[in-house]
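Heads up, there are several structures right after this.
Two complexes come next, and they have one chain in common, chain A, joined by chain B in the first and chain C in the second.
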Partner chain A sequence: MSEPVSALMGRVAAGAVTVRDEGLAGMITLRGDLATAKLRTACKHATGLALPAPGKITGNAAKGLAWMSPDELLVLVPHAGAGAVADQMAQTLAGTHHLAANVSDARALISVAGPHAREVLAKVSPVDMHPGSFAAGDFRRSRIGQVAGAFWIDADEVIRVICFRSQADYVFTLLAKSAEDGAVGFLG
Partner chain B sequence: MLTLTCPYCGVAADETELQAGGEAHLKRFGPGASDDEFEGYLFVRENPKGVHFERWRHAYGCGKWFLAARCTVTLEVFGTYPAQSKEPPAHIRKAITAKRPGWTWREFA
Partner chain C sequence: MSTRLASGGRFLNRDRAVEFRFNGKRLAGYEGDTLASALLANDQMMIGRSFKYHRPRGVVASGAEEPNGLVNLGEGARFEPNQRVTTTELFDGLQATSQNHWPSLEFDVGALNTHLARFLPAGFYYKMFMYPRAFWKHIYEPFIRMSAGLGKAPKERDADTYEHFHAFADVLVIGGGIAGLTAALEAGKSGARVIVLEQTAHWGGRALVDAPGIGGKPAADWVKNAVQDLEKMDNVTIRTRTMGAGVYDHGYALGYERLTDHQPEVSGPRHRLWRIRARQIITATGAIERPLSFAGNDLPGVVLASAVRDYAVNFGVSVGDRTVVVTNNDDAYRTALALRDAGLVVPAIIDARTQASGPLPEQARAAGIRVLTGMGVAKVKGSRRVTGVAVCAQAGEGAVLEEIGCDCVAMSGGWSPVVHLWSHCGGKLTWDADQAMFRPDAARAPTGADAQPFVIAAGTANGHLRTAEVIADATEAGRAAARAVGGRVRATRAVAATDEDEAAMAPVWLMPQGAGIALRMKAWLDYQNDVKVSDVQLAAREGYESVEHAKRYTTLGMATDQGKLSNINGLAVLSQALNAEIPQVGITTFRPPYTPISMGAITGAARGALFQPVRQTPIHGWHIDNGADFEPVGQWRRPFAFPRAGETVHDAVTREILNTRSNVGLLDASTLGKLIVKGPDAGHFLDMLYTNVMSTLAVGKCRYGLMCSENGFLIDDGVVARIDDDTWLCHTTTGGAERIHGHMEDWLQCEWWDWQVYVANVTEQFAQIAVVGPNARKVLEKLGGMDVSKQTLPFMQWADGTLAGIPARVFRISFSGELSYEVAVPASQGRAFWDAALEAGAEFGIMPYGTEGLHVLRAEKGFIMIGDETDGTVIPQDLGLGWAISKKKSDYLGKRGQERSHMADPNRWKLVGLETLDGSVIEDGAYAIGEGVNDNGQRNTVGRVTSTYFSPTLGRGIAMGLVLHGPDRMGEVITLTRTGGGSVQARIVDPVFYDKAGEKQDV
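The block that comes next holds the complex of A and B.
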C-alpha cells in the first residue's frame, strides 16, 4: 500500500515567525447531539477528554476535541489510528442520529510560531487576535485569506491552523508571506 | 463594515465570514395558493430605509443560519436570533423600539 503523506510534504518557512507543516494529523468529524451521554462517552474513549465549551478546544493536536458548531466536534487523534477510532465512535453511537467520519486525509495542519504569530493571522483573517479576545484554549473557525480555516492558540503562543488539503498550499504560502512581511507592532 | 453576533456560537462575525440570505420571516405559499400569494412569496420584498429583518448564514464559522434585525441606513444592529423564530422575539422588538420608536416592518411593530 502507498505511504500516506501530508499535502505540504513537511514544508517549513523559517524566520522570526516560522510557518511549519505539522505533517499527518488524524481528524474525525463528529456530528450529533452534544448533550447526550453516549456522545460524551464516545469522545472520552477516543481522547480521554471532556467535551469543550462552545468556541473552545480541549487537549492538543495529538489528542484533542474542538468545538465546531452546536452539533459538531472535531476529534484530533494520531493519524495512524484515526480510522479505527472513527469506527469505534460509530459503534458507541450506534442507534443514535450521528456522523463519525474520518476526514484526516482531507485536511492539513500548519503551525505558526514566533513572537508576532498573532499578527501573522490577524493580517489574513477577520478574527480579533488580541490576547484579551483570543486566548489559549479558544478555537475559532473563520476565513483565512480567501478560504475557510480553523485555528487555535496554545499556552506557548503557537498557533495551529487547520485547512482543507486542497487549499494547503495557498494557506501555507499566505501565512509564510504574512510572516515574512514582519510585525505590524500592534499586538506586540 | 457589518459585524453580526452569531446566536449559535456567540462569535462576533465580520461581514466577510457571513453569507447574506435575503429577507427574513417570509411566509411560504405553495400548491393551492392564489397567484397573488405565490407572486408575493416569490418576488415581493421589503426595501426599507431603516429597520429591516434579514437571514444570514455564518458560512465560514459554525455554518448555521440565523436572523438579524438591523438598520439599513446606519448599519446599526439591533440583535440577532435563531432562524427557527417565526417572528422577532420580544427582546429584539424592545431593542428596536428603544432606538426607533414607532417602527413597523410588514405585520410587525
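The block that comes next holds the complex of A and C.
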C-alpha cells in the first residue's frame, strides 16, 4: 500500500502572492437533471449543501458543490472517501439517468493567495476579476493561459484553481510567474 | 542648427542631466527628453537614411506618426530595431545607432540610388526583375536583400519579460488629451467602470502646447485638475504610456503598456498587453498634421509645424535658428508665434492661401513677421540639411520669385483626425470638404453583437479642431457612453473653452500646384518608403485606379508607420490624377495595431517553459530521471525509448523490443484516452459510433472497435470494455481523447439530444501501465492481490481488484501480440505501482519500453495505427478491417459514406505487408511505382508505404502499405521509390509478420 500523491507534491511558490499546491482533493463529476429532488438529495447527502445557482459554488474545497453546466455539477469532498461518495451518489440516483464519476486524481487544486491574487488570475484568464463581478460564491470555468481551468474565491480572497493533473506543472508555473511579475494596480 | 534653448521645456527636469550614446557618440540630454528632442538638442539633425534612395533623413514629427526617426535601440539581448525616436523616452545610458546605411550615416554608398531614381520608379520590382528569369535567384534577389530592410534583426534571446492582462470596463477611453479627459470625467461621474489610456507619458495632449482656456482656466491647470478628479474616482483607472493599439469585435480592445522602456533599471515586465473588454469605447485619439508636398520636403530640417512648436514648448529645443513657416491654414501661425516668443527668428510665413486675415495671421503681422500669401515653396535648398527655401507663386509652375535663407522649414498642410481605432472594427468615414479631412461618420459606427454602436469618436478625432467644440463633443461622447451602459447622467452645461478664431484652410495637395516633373520627383509623400508625388501619378497613368492597388504598387503607406503622414496626401494626388473626387477614390483600410507593438507583448508569458503546455503522466518524473528520449504525442511528451549508457536510441529500441518478446516489458500507457459512456441509450449510441456492435458486449468483456466520420473515414480505434449494464469504458488513441470526447458530445448535444447518454472523460483519473511479455503474469502474481490466471481473467476480459495494495482495474488486452495486462490504477498511485512493478519484475527481466518499441511491436503483429495507416482518406475496408464492421446493423456513422461508389471501388489501394528482398528498411512514405506517367509527366504510383521499421524480432525490415489490388497480389514483387533516386524491391506479404495464429497473446 502506498500513499496517494498529488501531481505537484506540495509545491509552493512563496511571495507577495503565494501559489500553493493544495494537495489531493476529492472531486466527483455528477451529470444529471439538476432540477430533480433525487439529485438534490444525493448532493445533500454527500456534502450537506444546497445546489449552487449557475456560475456559483456552495461550500468549499472540503465540502462543496460547483455549477459546471446545465446538467453537470462538480462535487468536492475529502480525497480519501471520494470513490465511496461517488458510489453512494450513484446508489441514491439509481433508476434515474445520471453519471457520477470519481475524477479526483484527474485534477490538481492550487491556491493563489495574497494582496494582488485577483490580478494574478486576470493575467492568465479572460475573466472579469473585479470584486463587483467576481466575489465569494462565484465559480468560473475558463482558460488558465493555454489550458482549461476553473476557479473560485473565498471570503478571505484566497483563489482556488482546479486544472487537469497532466497540466498541473504548466498551470502552477504560469501562476507563479504571474505572481512573481507583480501587481498591475488595476483591481485595487 | 538645432539646439537647446536657454529656457522652456515643460517636460524637462533641467536639474537632471542624462547621458546617452548615438552611433557611439556620447551626448547629453535631460530627464523628460525624448530621444528625438535630445538628438535635436545636440544638433543631430540627420538620424537615418531612407529605405530606397538612402536619402538623409531627420525627424519630421514629434509623436507616434514619425516616419523617419527610426533607430536600433539597445544592445545584445535588449537590441531592438526600428524604434521611433519621438516615442522613445530618454534614460541614462541609452544606446542608439542609426539604420539603413553603409558604411556610415554620413557617407553612405546606397545614396547613389537617389541618382538612379528614374530607374527605380513605382512598381520597379515588377518591371525590372522579370527577365532573364535565372537572374532573379542569383543577382536580383541578393541585391534587393542587401539593400532592403531598415533595422537589423535581433540575434539574442530577449532578456526582458512580458505579460498579458485581462481587464473589463463599461467605458474605455482611448486618448488622454482634453477630449479623452472630458469624456472620462463624464463617464466616471455616472458611476461606470472606466479605463483611460494615454500613449505618451503626459496627460493633456496638444492643449498644453497651444494653451487654450478651458473652464476659465489655462489648459494646463484644467488638465491637472481633471487628472486629479479622475484619480479620486474608484471606478476609474487611468494609465499613461499605454497605447490603445486596436479595436476588435464585441468591444474587445488591446492596450500596449510600456512599463520599463524609460526606466530599464526597474525590474518587472517590460511591456504589458491589456486585453480589454469594454461595453463602449470612446476614441479620443486626436489628429495628425499633414506635410505639404513640395520639392525637397524630405530634407532634415523640414518638420511639421506643430512638431516645431512641440519641441520648443515641451522640450526647450529649437529645430533651427531661422524658421520659415509654410502653411495652408491659420493653425501653423501658432508655430511662428511660439518661435518668436522663444526669441527665434521667423523670416517669413509662406501661406498658399490668397488671403490670411484671421486673428492668428494678424498677431503674426503685428509681431513683425513677414506674411507672404498666395505663395508656395518651389524647392528646399540644401543637401544634408536645410539652407533655405525658394519661394514661388502657389498658382504657378515653380518659377522662383525669391530665396529665403533658413535652417528650418515648418510645414502644415492641415490636420487629419486619427480615425484608425474608429475604423479598425468597421467604423466608416465621411469626407469633410471644408476641413479637407476624413472624419468618423457617427451614423455608420462599429456595431456590436446587438447591432448597436459601441465606438464613439470624440473631440479632434471626430473632426473638431476648435477647443470649445472639442470639449462639447467629448462631453456628449462621455455621456452617450455612460447612458449606453446604463449609467445615470445629469445634463449640465459643458465646460466653456476659448481659443483664437481660425479662418478656413485651403487644401493644397501639391506645391506649387503646377509643379513640373522635376519638382514632383522630389516631392515626397511617404518618407519611409520613398514614395513621391510622381510615383503615385505614374501608378494612376498605368491604370491603378483602386486606392488599395495603387498603395501596393507604389508601396505608399506600407512602411512601419503605415502611412500616418502620407495616406491622405497620397490619395488626394491619386484622385487628382484620376480626375475623381477624393471620397470616390476612398481610403485604404486601417488595421490594428495603431503603431507596431513588440513581439514580446504579443507573446506575454508564453515563452521558455511556458511556451507550450506539456502534459505529463504520473510517471513523467521517472522517465526524466531515467534518461528517456521523449517524443511529442498530442500535447504529451512520451518516452520514445530509454537509452542506457553507451546505447544509441536505435540500440535501446531493439533491446526493449527483444526483451518484451522474451521476458517482460513495462509501458506507460497513461495517455490513452478513457471515456465513460453511460445511460439507458449508451449501447445504442455506441452502436452508432463504432462500426461494430458494442451493445451486445457482455459485462466484464472487451472488444476492439473502429470509429468513422460521417463520410466513412476511419478517425479512431480502441478497446471498449463493458463495465455494467448501462456503462461502457471506451479507450481512444492518445491524441484522440479530447477529439473523440468532443465528437461524442457533438452528436449527443446537436443531433441525438433526446438520447439518454452521459459521457465523462476520465483519461487522467488513471495511470495505465501495460505489463507485456511472456513473464507478465509472473510479475502480477508477485505483486499479488488478485487472480490473473487465464481461467479467471482470459484474453479480452477485465477485472477489478488489488495489485500491490493498490486498487486496480486489469484489462487483458494486447497491442503487441504478447501476453499482456493493461493495469489502470488511480493516478495518485500510478508512480507507486510503476515502481512496484519494476521491483517485482526485476527477477523476470522487466524493462520499460517506449513508444517506438510499442510501434514496432504492433507493426510486427500487423496492427494498424491511427495516423500511420490512416490519414483522413482511408476507410476500414482499405485496411482489411471488414471483420470489425457489422453487416447486421442498419446504421452507424460512416455506413452511408462507405457505400458510395468511390468508397466501394475495387481499385482502392488496400493494406498489405511488404518485405524487401534484401532485408533493408523501406523509406517512410515511399511510393510503389506503376507503369507510365501521368498528365504532369510524373511516374504513376500504385501504392504507398504507411509504416516501416526494422524488426528486431525478425532481424530485417518490415513495412505496411496501401497497394492497388494488394491483397490479391500476395507474393508479387513491387518497386518502391527512394529519395535521391534508385529504388528498392519488396514482396507483397500478409501484414501479420509475427504469430499469425495469435497464440502468444492468449495464454
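In this text, the second predicted complex is superposed on the first by the 188 of 188 C-alpha atoms of A that agree within 3 Å, B and C clash if a C-alpha of one lies under 4 Å from a C-alpha of the other, contacts with A are read in each partner's own complex, and residues count from 1 in each chain.
We take it that a contact is a pair of C-beta atoms (placed from the backbone, for glycine too) under 8 Å apart; a residue touches a chain by one contact, two chains touch by 3 or more.
Quick caveat, the model's predicted, so the values are computed rather than measured.
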{"item": "Contacts of A:Pro54 with chain B and chain C, given as first, second, both or neither", "value": "first"}
{"item": "First, second, both or neither for A:Ala7, with chain B first and chain C second", "value": "second"}
{"item": "Partner chain in contact with A:Thr92 - chain B first, chain C second, else both or neither", "value": "neither"}
{"item": "Touched partner set for A:Ser111, first chain B, second chain C, both or neither", "value": "neither"}
{"item": "Chain B versus chain C as contact partner of A:Gly182, first or second or both or neither", "value": "second"}
{"item": "Contacts of A:Glu119 with chain B and chain C, given as first, second, both or neither", "value": "second"}
{"item": "Residue contacts on chain A - larger count, chain B or chain C", "value": "C"}
{"item": "Intersection of the chain A residues that touch chain B with those that touch chain C", "value": "126, 128"}
{"item": "List of chain A residues in touch with chain C within their complex", "value": "1-7, 24, 29, 31-32, 71, 79, 97-99, 101-107, 119, 122-130, 132-133, 145-147, 164-170, 173-174, 177-178, 181-182, 184, 186"}
{"item": "Chain A-facing residues of chain C, complex", "value": "161, 163-168, 193, 237, 268-269, 272, 275, 277, 605-606, 609-610, 612-618, 636, 676, 678-680, 756, 758-760, 762-766, 804-806, 826-829, 831-833, 836"}
{"item": "Sites on chain A touched by chain B in the complex", "value": "54-55, 67-70, 72, 126, 128, 140-143, 148"}
{"item": "Contact set on chain B toward chain A in their complex", "value": "8-14, 16-17, 60-64"}
